[in-house]
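One structure below.
Per-chain numbering from 1; labels A, B, C and D assigned in written order.
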């Protein structure tokens, strides 16, 4: 039965994080001194504290020591965190999302035994998926609605005489790269006489694996990302994962929730300010022009959150597509286009109400605009995402 | 109907284009990257431009300026902005002189202030309207005497004693002379209560506060100005006491120029964005084919070009109307519209780069530069002010 | 628990109506001969047939002879019908929605006894709410964020010596007016010595009640509407309803679902045509320009439907607002602004793909545009709705 | 830079304005309401306008026309469209003559066709490109010989035998003479396979099919043209056989005029919309106050005015450039942009009426009239065609 009731647990999670963010994260995140420099270091204290609250291992099954949160709950959490700081939200969400796939779905019991305790017991133990390679163009672009060659992975894993895997190659834009203690790495490897893409787990810290943090300017993802290079990087034979690489191929749903959080931060700031700022003898919220603008933002924010929640629900419930309650469409990709466009617009509209304050780098509104701008570029950007969506609409490929 | 430029206009345009290409653009990103907002100016650039006449371009010839007409002004602002929007504004900010000189300055004021301005390549001007609260009340003044300008001046003999603050003042921290709106009647509504003063940088009791950390337009600085019993001679009053706002809606006010200025500057940014996108589309490849072969890129570049050329047409028309002293709502309308156009064009340019997988600092800078139009040219207050003129 | 599964009954309803619409309604609705004239008469045969399928009494409780459909189910039905013909959808939805309020919530058992059987047993028995009065400006407009005087109803009900109520006055824009057999009428009346607004049921057909159908040009509502005039119209004392007039004050949620149906009809037409029409040697769906356009429409349609369903759910579940699963915001009004704007845009975008065919009055796409245009004007229009929303955001009035 | 009009331009503008106000506007809604699309024309209006010179305004003087320049053409089209967009188009559709005459018509063709055209106030023209399938292929021709124009002509002695159909042809059912693109080489790609013919209404084997039932632009009719072994003398070939498309991208082609035409006509519609909204805002009240006191109305009217004036500036610039024979992508760009502007302005006008609780048939008509720009001036194909020129 269709129901939009959240569970008591979801509501509690939300309240708890909202308090944390309102009282601690947001005040720290929008301090002028923090906003002034071009690069803002990750507020690791808050990441640690959030980990203690269980947010790093939220999606991990209860059986394996997490909370078993579904995608909707994770979205709610990511939005709340992002209202305070999108980077914190992104780091925790990435680790949490990967922990579920890695430990709950991919690892064998023996692999879990080697890695799980270290992961659950260390608040600074983050995960990263090293997949995209430098110079690899993943965009459809001119190849829209044409057969495409399968991408080959340039990173190679070969067998050492002792049975170890030896990994060589480079990955770029690896989300969580600089903070990860364990990488999931895609590499071309020969297994059972057949060469194809496989996944490996590779612990950070070895000299044969180097991570270089990417600059924040021009980035396409919140959180932190890095270039990861493997030079004759040896890992035990058992570090080969059995899981299906497509499990990791999906749109990062938490990105969309983070984007909503950014828009919400801008909206809340605008609503508050409109009730204080006086023009022509009236608070600006009492002017039609401000009213119309605020209504537009509020509508956009509300419609957008609902879109994200639905995409999150759909990702966990293929049965709802199967029984035709939900359409068989690339809902996450569709949501991404809508969300990123709407929230960038919302942040800009909100900023306009702040006058000169709305254009200052060291004031919150420009931060929100900039944060929303990053979301426009996430993945392959909206122009390309629309082409992917259209290929599905055209029946050229499955949703 | 003649859209051609005369020889002088063409010459100024070419001079500005050359200066923009050779001096402004090469320095543009480098100045933009400087983190400290008080350190972004390169005075060598101001000096070079000043020697070419850009700082003093609008001063009447009898005072040693070039007295270029509004069409030429628009062309120069757009060309300079194509190199760097904030640098263009740093020069055009000095042009407000021309209007004040011809309208209201006394011979004594000209001697004391205009001569040093003409002689010093780093002498830049500021004009202070905005205050910590109530910026919009100055733009669209209500009748309430409590609204608007709070910086107070009280007459004491031959001097006025100023107390209060101005904020977000362009060149506030680097200018050598400021035109300031100051409240000289605490009880009257704004339009009859404000006097325009000439306030030099070295006025006792005046100091510079913080420099604002704008998201874009980095080269062009905005600062806080703080007045604590600052003493300004009565001889520095421009025009009539309590008469500043009566004038500002008049025939050739700085406001009118300001509208054209923002529109022309936006045009230059649009030109830069189109140029970047077109160059990229003609040279970058994807899947082995030039980007320009992709329909979605074509559609975006078509839209950018159409908006840019529409803006150019409208800017030049308004400049022509200014030269004819045929004042209409057009200056305000083109300023408002420039906000929408500069932002859409700059965002499309960033989008085209993004869809080619290219992160381009220049493209991002144009987007950041474009934000300030929301505040200066296109917020609801700026739009309603113009619309009310249309609806009068 | 949050769930987007539809019930088996909802899915069945949807399938049944989709079949009916695809096979019967749509082909008839988009015939050129029907589209050509400026006024298109209501296709009463289909209304009757839909009534036989239970759609006229859908929202009426099972106890009273209906299906007890909730607002979500009614939205699903209205969308499906509107894909074929918005007028049919509107007439049935209005009667169905009113039947639930009138028979389930307002009437006393003795009143039900007098009217219910006649209503349930007659496929042509429609209901209408005669409330709005000519020359009454219900817009906020210049009165935004100011105290407003309570509206007085000009229509009066007075007591005749025999105890009858005698109604005098005029109502305009009465939805379903021309087809209604029973009107709910608002009138100023003195009850228990106090004069205030009350509701009465008034059967059609009396000479003291005249209905004049309003022209279709410039209309602000789908279905059919009329001017209703009461001249010394006598009804028995027992025709006074006890119900709260605010029950009828809400946004018509089915309007939003109809709007989605209109957008969907346009989208489906565009998708189909794009797969057939050839340009430059390729079907136009294989061109990037068409792909991007179709993706935009598909996203908009999907986001919009989800927005409407949520508003529908919220209208039935105040408890979900109370437990903070849903925000305490005027969700139906917010949805209205989003839906009407998005679907008008979608219809226009879809039409563009049809070239010259897209501008013909006797072709479907112009019909869809025109139908969507009507939705822009429903109620007091979007400009005013935004002001109402802003009054809530500002805390000036409740959601 | 001179935005002023010369005396002749001003005189034509005033004449058109007067005619629009006195004749077109009063008849506009009444013609619009006629249900039968074949009965919307009022020939008295055509005759009156023809007598004032609007039908033959562009024909060279030596042939008895007025040879008004492009700027004047733009002004006249906009003024007429302000009265009624479709009526304006009914006149300007006849202007394509001028280009063909000066470029390609023989003396014999002028004698046979131009003279009767000049003499008969109800002699209107049509030009046929679109066919039942593949309209866009004619706009943006691919290389495939199978794409595009299918109306075939085969030479038989001194005659060509035409078979096929044209559809959605402006004036197709009421014109007395048509310029038709006809395929004369079945095997070549479009650009080398099409010949332009002069086809009179009374050509044997030609008949009119259905008249299209457009949502707006009712006065201006579009029809189907059916050719069944229609016989057209070789003497009616305009220019070279197989040379029609070589020409249409040339210097002063009808296409170039067509771009300006749609932009100028859109401008007139925008003027009408602004006028309606401003009048309403100044006169209608809500809650006892004039509508114009509402901020949301001000913002909309400001936007409408800015877009309209930007379009006017751009249209006049393009007209000037046409007069200078300085051809650029601007004609196409302004046509594309006119689509966005006419629709936004017309919709805002309807919205302002709606938010005042007023249903206005005129406001709704402007919205309906504006739809056709999506097809004629601003669909993706029209935009990409122009963008490719920008990107060349």
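Everything that follows uses one rule, which is that a contact is a pair of C-beta atoms (placed from the backbone, for glycine too) under 8 Å apart; a residue touches a chain by one contact, two chains touch by 3 or more.
What you are looking at is a predicted structure, and each value in this text was computed from that prediction instead of being measured.
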item: Chain whose Cα centroid lies at the greatest distance from that of subunit C; value: B
item: Pair joined by the larger number of C-beta contacts - A-B, A-D; value: A-B
item: Rounded Å distance, subunit B centre to subunit D centre (Cα mean); value: 41
item: Whole-Å gap between the CA centroids of subunit A and subunit D; value: 52
item: Of all residues in subunit D, the ones touching two or more other chains; value: 294-296, 299, 380, 384
item: For subunit C, residues contacting two or more additional chains; value: 287-290, 292, 383, 387
item: Of subunit C, residues touching subunit D in the complex; value: 36-38, 137, 139, 141-143, 217-218, 220, 278-281, 287, 289-290, 293, 348, 351-353, 355-356, 358-362, 366, 369-370, 373, 376-377, 380-384, 387
item: Subunit B partner contacts - residues on subunit D that touch it in the complex; value: 1-6, 9, 71, 278, 281-282, 292, 295, 298-299, 301-303, 305-307, 309-311, 313-314, 316-317, 319-321, 323-324, 329-330, 333-334, 336-337, 380, 383-384, 386-388, 390-391
item: Contact footprint of subunit A on subunit C as seen in their complex; value: 1-7, 10-11, 72, 144-145, 271, 274-275, 285-286, 288, 290-292, 294-296, 298-300, 302-303, 306-307, 309-310, 313-314, 317, 319-320, 323-327, 329, 331, 334-335, 337-338, 383, 385-387, 389-391, 393-394
item: Interface residues, subunit A side, partner subunit D - complex; value: 287-289, 292
item: Subunit D residues within the subunit C interface of the complex; value: 33, 35, 37, 130, 133-137, 140, 142, 144, 147, 167-168, 212-216, 222, 286-289, 293-294, 296, 343, 351, 354-357, 359-361, 364, 367, 371-372, 374-375, 378-381, 384
